[in-house]
Structures are given as C-alpha cells and as structure tokens.
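Following: one structure in structure tokens, then a few remarks.
Each chain gets a letter, A, B, C and D, in the order it is written, and its residues are counted from 1.
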C-alpha cells in the first residue's frame, strides 16, 4: 500500500494502482481497476474528495488533534456540533459536483460512531479498543487514506438470526482465533466504494445476542489483505459509458458497490476494536446508522443537479415560463430542501457523548433518511415530467453523428432554434442517467436501501418517539387525571 | 394601560381588565373580554407565555441589551443564531402545553424583522426609524407587554393592487397627516391575539409600488387607541365550551383571531417606523414572513399532543400493539418531526444582517411553512383513523351524566374494562377539538393560511431557488459548454 | 307505525311523527324528533330520497318483481349489474343535492347482501330465511319504508373476540329464546339515520367462531320496538343551526348517527334471517361491506358541492383565472372522480350470485372505499386553501346584521365589489360546514370509518389480491421454472 | 407487403421480413429488424396480440361488420360500450403476459376515433372520408395488419404554434398537392411499434388554427412507402439482452419507439381521411386521446407482474409474512387497481356518437391517465423497497457462472436455503427491468408522457369539469340566490 501521504487526486489515483486486488466484474478478473472504463467513473468521484482539500479547504478539511494538521474531513472525528454540520455541507457540495455517490461517507460515519462506542466499551470492560482506534485514525490521517466501512451482511434467510442460519457464513464471523489476532469469514454486500478504498473496517450489522459473540467483531483490514475477493455489482446502463461519453449522461462520475467476500482474512490484535461484546452491538449500529442516515443530505446535492437539468430541459423546449413548469421546479426545490433541512437539523442538534465526540440527533437522522426514501422518487418523476418523452425515445449519439441520418436527427430533435440539438440531447441523457440509468442506482435505490431500508428507520423512530411524554401532554389538556 | 411591569400570568390577566375596548362577538358588544367564557381560553393560552418565564426561564427569557435584565423571549431581538433557535424551542414547548395557538409569535417576528429593516431604511434615507424602534422595544420590555403584529389587510378584489381598489380602505393607509403624526384607515383581518395584546404594530401586507406611499406605513398603537374596533371571528365549535369543559375537548386553551378596524386612528411620530418608503416594503414582508413561517414549529408541539391523544385512544381500545396502529403512530411522528426539523434548520442557518440582528434562512423558512400546510392535514387524518368512528358519533357528556341513560352510555362506550369510559370520552373530544373543533382552526386552517397561503411560500421559494447555479451544475456534468 | 304507503317526502315526515321513540340528545329526552331543530336537517336529507321518486323516477325507482310496481331504488334488490350501477348514480345525485349523508344506503346494502346470503344458508341448511326475507322486502316495498341496517357493535376491548369480552353485551347477542322468536341485548354504534328509519335490521359485525352462535343473529325490528333506546351523537358545530340558517353553512341538511341500545328487544321468528349459522357471518360481512364500500360514491356527489363552493370562493375573490387556482380545482376534480370511477367500476363488474341477485366486485369495492379515506381529506385541504383564511376568522352573521358594526363588517369583508358580502360569507360557511363543521362529520370522518376503517379494507384487499396468479406471471417472464 | 391474411404470430413475424425499411439503430442501418437482437423483443410482444386470437378468441377478437368474420380486436371499431370495455380487458391481459408495451393500441385508438370524426366531417362538409376509412378498415381486417397511429410531432420550440416555427417541418404538413394525392414532410416522435407495423396513419397532434390547413392532414401510408426513415430510440439497458437472457430481466419482450421522418412521402387520395378541416382537429385529438388515455389500463397488467415479482422477492427472502411487507403488497394492489378501475369506468360509460360508434367517457379517461402518471412511480418505489438493495448491487450472471467466483456468488447470494440463488437473481433482474431498465421506459416514463403529458390531461379535465353545475349545487345549499 501507498506509503507517502496522499496530497492530491492524482496521488490518490496513483495510490490505487498495482494493488493486486482480486476484483471480478461481469465474470472477468479485472487487471487494473483504475484503467477499467466501467470502474474509473467511481474512482473519479472519490478523487474529488481529495481535490476539494485544496479547492475548499474550510469545507473539506478539519484540524486533527492527532496530527496537529488539517486532515480530510472524511477522516475527522467530530468533537463539536459544528463539525457534524460541516460534514453535511461537504456532502451536499460533493453531491452537486459529482451527481452521484462519492463513496467516502461510510468510513467517516464508521470512525465517528466507533469513537464513542469503543470509549464506552472500554469504560465497562477495561478493553483497549478506544486507544487502538485513535492510533488507527492517526495513521490513516497521516497517509490520508480512504476508509470503507463494511457493515451489511448478506443475511441469508431474513427470518432467522445469525446464529440460526443454515450456513453460518451468512453473517461475517470469527472463524479462528490466534494469540496475534482473528480470522474472519463471511461476506459484506453492497459495499460502497470498497475497491476504491485503502482500508476496510468490518462491523456487525445488527443487535446480537449473547450466544453470538463470534459475530461481534469490529476491526480494520487493508483492502489487499489475503483472503478478500471483490465482485462488482451491475448497475443500470453500466455499459453505456463504453459507447460514448455523451450516451452515458454523466460519463465522468458514478458510484460503485461490490460484494466483498472474506475467506479467513486476518485482523491483527491492534486493529481489533470490538471482540465479542455483543451488548454493545446495538449501540454501534444505532450510532453508525444515525450518522449515516443524516449523511444522505448528499442526495440534496444530487437533487440540485436534477433540478438544474430539468430547468435546462424546460428552457431548451421554450417553456420555462409556463406556470405549471415553474410550479414543478418549485415543488422539486421544496422537496429537495426537506432532505437538506432534516439532515442539517439532526447535525445541528448533535450532543456530546462520554468520549468527548459529538453524535447527531438520532430521531431526526432517521426522519431525514425516511424523507430521502420518498422524496427522491417524486423528484425523479417530476424531472421526467419536465424532460418530456424524448428522454426515453431519443436516438443515440451515433445516429446524431452518422453521415446520412445525422443531419435529419439534428434537424428534428432541435427544440429552440438557438440551442444546439446536442445540448438538448446531453441534458436529456443526464436526466436519464439520474432517473433510470447508472446514477439512478445511487439517487433512487440507494436512497431507499442505503443506511437501512425504510422499515429500519421506522423501527428507530418508534424507539425514540417517546409516546409516554406525548400521552401526558394529551391527558393534561383533556382533563384526564 | 397597565403601567407596572407585568411579572406573572395573574398580572397579565389583570392588565387586560378595564380597557374599554370596542369588541364585538356574535353581534354583541363584549363587556369584559377577560370574563367572557368564549374569549377566556385564548387569554389563558397567552398567559402561559408569562408563566414560563418563571417555570423555564432559560427557554422563555433572554437578556436584554436595553434593560440589562432578562426579558420575555417574545420581546427579544435575536442578536445571535442561537436566539433564533431558542424561539423555535419555546414555540414547540408552548404548542405542547396549550394544544393551540398562544398568539404571541407575530409580535416577536414583527420586532425582529423591523429591527433590521428600519436599520437599512435609515442607512439609505437618514430616517430615525431604527432609534425609535429601539426606544419602543425598551419600553415594552420594561412593562413586559404583549405586542400584536398587524399585517394582513382585508384586500378586497384580489385581482387589483391597493391603489386600484374601488374602495381605498381595502388596504390600511394614511388618511391624514399632521405635524405630530398620521391617521390611518382600513382593516386588518385574521389578527391573532389582537384583543389579548397591549400594543399593535401595523405593517403593509405586500410589496408596494412607488405610487402607493400612503399604504407604506408602519407604526405602533395601543390597543385601546381611539378609532379601533375589534370583531371576533367565529370558530368551529366555539360555543362548546359554554356547555361543559369536557365537551370542549380542550376547554382551557384556544386561539383567537379578530377583524381589527381602524377608523382614523392616530400614530404619533415617535411610534412611526416606516412612512412612505415603498421600496422597503418587499424587504419587510419577506423578512417578517421568513421569521413567521418558521415560527410554525409550534405546530410540531401541537402535533405532539395529537400523537399522544391518538396513542391513548389506541391504548384505551386495546390495540396499541397492533402493527398497523404502531405504524401510524410512527408515521405521525415522522411527519411531525419534519415540521420541527425544517423550522429548526432555518433558525440554525440564521445569518447576520447589517443591523447586527440575525435573520433566519429564508428559503428553509418557506420550506418549513409549506411542509406545515400539508403535514398537519395528514396528521389529522391519521389521528382520526386511530380514534375510531366514535369521534363523531359520541353522545354528549350530558348523556353520560344523565340519570336514566348515563349508566347505559357508560357501559356501552367502555372499551378496555380498566379504563374509565369518561377517560375515553375525554381523549376523543380532544382529538375532535384538534381535528374538527375549535383548535382545528389553528392546527389546520391557520397552518394553511397563517403567515401566507401555500402559494405565497411557493413564490418565495421560486425567488430563492437559484436555478442559475443549479443549471450550471447540470451543464457541467452533462458536458455542455 | 304508518300503515299507508308513503308517497311523498311529506308523507315520509308525517310517518315519523308520534312514534314514542326513546331518543336522547344532549342529556334530554327528545319529545318529537321531527320538530327538533338539531334533528330535522337529517330528516330533510332522508326525505329527499322520496322526493326524487317523482323528480327523477328513472334514477330513484326500480320495478319490483314482488309488487309489480316501481319502488324506491333503496328498497330494490339488484337483479342485474345495471341495477347496481344505478345505485351509484343515485347516490352521487343525492350527495350533490344534500351535501351530506342522506342515510338510506345502509338499508339498501343490507337487503342486497342478505338476499344472496340467506339463499346460500338455506341451500346448505334447509332454513327458511330467504323466503322470509323476500316476504319482508315485499312488505317494506308496499309501505315504502326506510330500513336501517344495524351492524357495528360497540366492541368493548378490541383485543378480545365477542365470546371473551368481560361484558358479553359488547356484541349484540341473543339473550333469550322462545318458541316465537328471540330476545336480543347489546348496542349498535354509529347507527346512520336510525331514528329516521321505520325498521332496523340487525346483523353481526364480524366473522364469528362456532362457539359464538348467540351472536350470529340477523333479524328485523320496528324502530319503536320495546326495549330500544337511541342516544344521538354529537357532531362538530351541531348547535350552529340553532343560531341562524346562514351560520350553519348548510342548515337544511345533515347526517345523523346514534347509539342504539337493545335491552331484550324481541324479534319474532318470521323476521329472523340468520340464527346461529356462524359459518355464514364472514360471507355476510364481506358482501355487505362490498356493497357498502362502493356506496361511498355518494362522497363524489358531496365533493361536487365542495368543488363548486371552492370555485365560487375563488370567483368572489377575483382570482378564478389564476393558474394555481385553476390547477387546484382540476386537482380536486381529478381526485373526486377517482372515487366515482372506482365505485362505478365495482358496480359495473357485478356478478351473478346463486340467488339470482348481483353482487358488486369486492376487490374494487374495497379499493373505492380506501380511495375515499384519503381523497376526501385532501379535497378538504384544497378547498380550505381556495377559501382563504377568513374561513376560520369570519365574524358571525349577527355581527354582519348588527346596527353599529354591520356596515363595517359588510364593507371590509367585501371582496369583489359586485358580489354581495353576504354571498361570500355564505359560501365560506358552506366550506366550513363541509371541512370542519357538521357535514365534515360525514364528508371526512365517516369517509374514513364508515363501512369499515381503512385497515378493514386493506384486509379485504389482501384476501382478494391473488398473489399466486401474479407470482406466476412474474416467474414466467423472468424465466424461473 | 404481405398479401395473404396473417393467421398466427409466425405469419406475423414472417410478414415483417424483407420489407427494405430504412431503419437506423445506434448509428447503423439495420439489415433485417426481425433478426436484430435488440429489436426482436418488441416484435415478440406485438406477436402476442396475434397469438391471443387463438388462445383467447373471446377476448382478442370481435365480429367485423365488414368482413362478417371475427377479426383481431385491435382492428375493430367499437359499436357498443361492451366493445370498449373488452379493449381494456385485452390490454390488461397483454400487459400481464408481456410485462411491457405491446404497441398495438395506438392503431386501435386511431381507428376508433377517426371513425366518428370522419363521419362528422362528412356531415358538415360532404367529404368522402368516412367511406374511405371504412374501406381501409375492411382491407386491414382482411389482411390482419398492424396499424401504427402517428400523432406526436417533434414540435420544435414549444412556445410557438406550427405556423410560427422557424422550421415549418417541426409539424408534419403537406409539402405538395397533386390530383392523385398529397406529399407530406415532417417527423413524428416517440412512434410506438412503428417498425413492427404494416401501415401508419398520420394525424395532427393539436388543435389547429384556420391558417394552418396544411398541417390538418390525416391519411394512411404503408410503412415501406418511399421517403420514410426510422430512427430507433435508445432505452435504458437496451443492450443488456445482448449479454444474456437472464441479465435482461425480461429478455423476451420489450417496447419500441422510433423517430419517423417523412421526406415528401405520398398519400393517395383514397387513403386521405382529413385534408385541411382544421375545425375538426381538436375533436380528433380529444377523441383519440380519450381512447388512448384509458388504454393505459395495460399498465395495471404490467403492475400485476411487478406485484408478483415483489411478492416473490419477499418470499425468497423469508419475509413474506412480515406485516409491513404484506402491507406494501396491499398498497401496490390498491394503487394498481385504481388504474384499472378508472379506465374501466371510462369504458363502461361510453356513449354513442353520431357515427354509430361508441366513445369512452372523456373526463374519466383523462382521470385514468392522470392516475397512471402518479401510481406507477409509487409502485416502482414500493417494488424496489420489497426487492432490497441487491437489486442494484447484484453481480452479473457471468459472475454467477464463472468457475472460480461462481460458487461463492451462489453461496453468498442465497437467501432462503430452499430457493436456488438463480431464481432470486432472476426475479431481481425482472424488478430492475421494470423499474430502472428496459421496460421501465414503458412502465414509468411512457406512463407519464404517452397519450399526452400530465398537464395535457389536466387541461382536458379543466375543459370537462363543468364548474357551472357544481357552483349551482353550492349556491343552492348555501342559500345564495
């Protein structure tokens, strides 16, 4: 692994080369992900998190108490509410610039939640996890690494807990213990940006029972550790970028999610941050998902792109002043800002944990994510409404450039005479990309299932809605004694 | 008017006595509003804003730079974002405690917006409005008065501007000017808590044109100034409280709105804060409505009462553990918190104005209010769903207490055997009160129209949605140059 | 009871006089319901079902196979799909003319469902119910009586079935059996138009178990049978009509629902249509609710009134050509027609039962009712949006007519100069009536809970959604074998 | 063109061979569409309309008054309401069997609307259009041809009418007139199944003004007429089927839409059905769109597939009995049936036109289509919720079949142990196909824009909502005279 500090997006991309990862995509072993045209867009998106360090340092960096230097905000643990708020601002900005999932939030949210949870485990059990974690954070800050947080297990039969699965590997677990560390088996699904990371931090995916101690493992591994295999997921229209940049809609940026399989991969003791403390698994999952659910403020940034694209389509069609068009843009803006506002309120209302780190408001974080699961689909519908039917019947760029048919395509697809047909085609392809194509994966389905499916938020809301206090208010006003 | 400082809710109620206001209700001149059973609940709600001064001083008071003493937060001008945030916290708390509109926000929002606007008028025109306003604020803080903000004109034919109305009095305007001040004519509609106030601050209701200078008047009048008449509005079920406390659902608290008619009422020069500067009317309306639209966080407090009432109804019916019941309570909580979160995000994102005062985020304030116009109706629907049909078919308390029929009513309206029938009846009456009855006025219709109807928010969202920046994002990603 | 055939609305009202019913309202025994100003509006609404016999005979009557004469359609059993369709047309028409619940559908739906169910019971058990029922129908057709269908029990603790209630009277049941008939005890809640009926038909409210035979009783009783007591339910703003016609909004018409208590009331053998056949209770409930859920097409008629009122309000305000106003009227129309269309589709798709009578499509009937539970609330919200805030802050008619204040109220509440202020006040009162007031009870809460609460429809939809067939379609297309 | 009667799907496919059409796809001239793997699925879907003739003749055929024989229902003019209803039943059935757009409705709806419109033109102007049309219908029935209805022009600058476009070809128009017929120029966009048709019927796309007579042309051309060029539109994931059947989700069936360019193509007099009668263009558009908007009942058939697929996913995951899962399937069914019911109600309410043919209810047809534009997106969201995140992160079939990685993929993607992993993968691919992939084009975006965008329906609803009658109802009830 790269040893020198990563100082730029170029350094970052260079750092990914030559790692000898076992990566499969569409049945093929990928020689060098950096050079694979289907994988590169996701690397570009991640690279932007480095570029912003120099372009917007006040947003993209924070002062580390460990190194005494500014570090990338994605590697910083929030020690004040303002830090949590700034995470959201950074996320919206990156959503705006990439129009996709830039993949670096999971690691940030993992470090932030582990910071306070390891502290509390140590308080109870006298374990050394918190000190180890701080050492690990210092190292990754010094190198400016990307951390992937690996939580979601493949889960097998959802009606059964980990310990009752026919195949025990359905949840990642310790397969062997040695004096120096542990070996783990299992697989983590939907791993965002895993192949674009330098380190993976594995964590349990749900509240475990006392008899499930082998599943209660948290630890860090380099992405190229022995025993790890990556299988890249298919995405809608993922091969479009192979045809041409324009056909892809947003050819430069995309998300990435992989199935990561661990076949007895090793974690040394000094990188283990939980080992069998099943009573802390619920706290870890709740804190991680609280951070991560409000991280979906990024979708407000992607929503800004979609609003802009829809407005351009209307402008190109000559209808931008029609009242129903304006009204739909207002509706999209209103919906989009509810994502931002609920996430930001959660971050602003952060509170101090025993560890000294701040934790966002959990109820509002779940409200934010629940909002995301609904709003993005309605945004997509409205954007397609404004785009017009050509969105899904438009000839290809190859037709537009073909000698015989090209001039006819150009003539007949022109809307406003002063707007080049190609511009109209590009903006429709971008809307297709965001609502049906490659980045619809992140904007829609990931908005639904990432950081937990809608029902997972509802369970948390139920836990935190404090009906008792609300019943008292009602009793008091209705005169019940 | 009361001269001694108002130090308690009792002082406040005392201060309202003997003012010789001309108040009409249902065709009758009201002798003493304080003693009128239909008006008293609204006075009780306002009185709670005084009670909280001693019960929750950190929430309900703020340190005044003018008096050097803690003053009621409703009279304080926010000089930091945290002050704006605390307004929202106070509003939610009062919504929870009263289950209705406590009527004191308009004045707070008027003072806060006038503070910065008068400063900017003075900067441009060398007028003395800002100094006058600070003097006025000091006076009301010293006496701890209630300020009513009077903005909404009756408007006549909505297709015509003020200057083109057949009857010029459709918008309040200066009818005569003297060296000592101005006389005003017109009427303000829907005036929340006007009769429970000590002072009224009149303000124009919309952006005025240069030829409409007579309508551009801002100034303060005591509520008992010569020439003012009040006509109290009807409310759904407003006479229920005359029957019995229980029939009213929430007999102790209600809102109040009146038509306030000004027939050449006088404002002395030192209480005039705008006089003809039509170019500042849009700024005033925008800033006032920004503050006031995010003030609707109070409805999240009322929503807490409604959620608690619905949960109690379910509990009394023996179904609180049914999955669809739980899910509806989760849905209500989720919806309710989106009101809170959007308002709070607006307040947290407050920014400094030239005057030194803070102004909430205008886009998010409008998003908050738009959310309120939708969410409260869905909350009401869900609460009625949980309440069951008896909500609207339940015999009266008089039947329940009647000698012959009472025992039968008690027997047949009992749900869970261990819950007194009366408790069930009380909680259903409270839900009726909030969704159809007297406080539905504030929870529903006022949520729709207060601080501007839904379309007014959409116009502001349109003004602030910055399509230009969003189009640039889309162009950049789609490769349009 | 009236013996001569009821030939007109006047006859009908006359037929209700002097019945010596035990009716309680607000703690008082009601001397003569017909003359009670709070009860009369519901009688007027029912009377209109007679008036239409002569005004629109093709809609309001059908040829009886029993009498050979045209009879009121509410007493007719549908022997072809077209009959079922015509019921819906009649219901929408009456909703339009009354703006409320006209209360005669329950009886119609009870007769129609009992017709086929009694036939099938007799087929299985050799009982004489079907013949008895036909005899009963012939009698009521000859006299042109109003039939109330009494299904909903008070239910006590909802977590327990009838047989496990602490108090067995929570579900109506046979308290004594004699050679001549049975005595019944219990109470039916929310009984629509019961006091305005001539006969009540009691029916079980849910699927019963074999050990609950005493609860499986269907039979007819005259409303003035010994042992029956009526307690009229409170409604929002129910006393407004006592003040003035205009204050009520719709003073002429209202709905009516009562708690009906049976203290050992007698049903003679010849009027018993089910007695212990618990295995047919589910069929009866399902068929009755199928008919009754699609009967909510009446709400599309009430919706027509609300749309018209909202359009008038907009016109009076001078904004009827504003694009957002037009759009909201379109939205209301669209929503309203989905009620009509889903109900009508259910009726058109009626199928023949073994008895020869037609039964509406059950899945679509439940879809219709589910639609009603959502759409009416959104309609109310939109209507209030169009009405403006004055809806809930408007002075009373008494103020408008008062000598001193009246002219000022008239002046300041005038919107368009050519529209009398009174007209504006009347239309706002009508919208208040339909969305918060007396007829909101029927338009909103009854739309939610009448014919079963939303969850009841969902259970039926689940039973009829035939996932097996749908899974096969999906398997086939995805290539699963 | 094929001369023998097409008697089977095989005949149909044979009839498409060797036509020498000028078809472009992705920049290439397509040699033989029938054999092109990207085009074949749309041909398969159309072929099913022939297959049903023998499999479900009562549904798929109707007795022709012209040939005296049963003909394909898609070629039949409805001479009774029941015929219109049967169209909807057939459409739902084909949606269920193909999971996509089977492309034959436009022609059916064109013939049905032209039948009555040509009759009325002839009545007014003494033209021979109706007779010609009947002759044409007889011919196509004899051969059992597919008719494509070509209405939507490319439209250029939407702020300008046809006659004011910078380029007159933005709306199809007569470029030359000869004694034998007319030549036409322009292009029709989004032409569903055009290349799979035998004949095209061109029609104007909007209400024309008197000075736009050249645009008022209706006529029929064989698809291989000189001067016609086809450019096939791109679809989301349209190349997936080239990889493997399973990766496509639904490899067998898809929709097809093309840009059809007319460069002075000829229509002989006997195939002209309108020529300059601009005053009938609005009637034609309204009647065609009425038929076509209610034709979207097909989406309820596709919705059945989606519900089945979502239910299978839940079953495979072991969660089919979870209450929130059941509830989401109920919600999908409810939403899906509202499409069916509104369309069916429109068809049942068909009325006789002067020509003797039946026309569906226009208001309800527009309500149906408006419902489709909203419901399908919510259905897709719910289906994705039930599918789980693997929907968009699932490795490819190639990975599943690869030697090294295949067994691991199989192991870790297995949910319930008794369900083969491949089955789970297949069902997720089908849901991807319908909600993001190739058939999302038809299920979502076409549901939005086909037969007119949402705003087009709202304009029609506005025209038909009869506010006058509704206002009268409200006036009457509120006592306004």
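Worth a mention:
Everything below uses one rule, namely that a contact is a pair of C-beta atoms (placed from the backbone, for glycine too) under 8 Å apart; a residue touches a chain by one contact, two chains touch by 3 or more.
Here the structure is a predicted model, which is why all the values come from computation and not from measurement.
Set against one another, A-C and A-D show the most C-beta pairs in contact at A-D. Farthest from chain A in terms of Cα centroid separation is C. Note: centroid distance chain A to chain C, computed from Cα atoms, is 52 Å. Once the centre of each chain is set as its mean CA position, chain C and chain D turn out to be 40 Å apart. Separating the CA-averaged centres of chain A and chain D is a span of 38 Å. Among the residues of chain B, those touching two or more other chains are numbered 324, 327, 458. Residues 24-28, 152, 154-160, 166-167, 169-170, 187, 189-190, 229, 231-237, 239, 243, 247, 257-259, 261, 317-319, 324, 373-374, 377-378, 380-381, 384-385, 388-396, 398-399, 401-402, 405, 408-409, 411-417, 432, 436-437, 440-441, 444-446, 448-450, 453-455, 458 of chain C are the ones that touch chain B when the two sit in their complex. On chain A, the positions that touch chain B within their shared complex are 85, 96-99, 245-246, 249-253, 304-309, 311-312, 315, 326-327, 329-330, 333-334, 337-338, 340-342, 344-346, 348-349, 363-364, 367-368, 370-371, 423, 426-427, 429-430, 458, 461-462, 465, 467, 469-475, 477-480. Only residues 323-324, 327 of chain A touch chain C when the two sit together in their complex.
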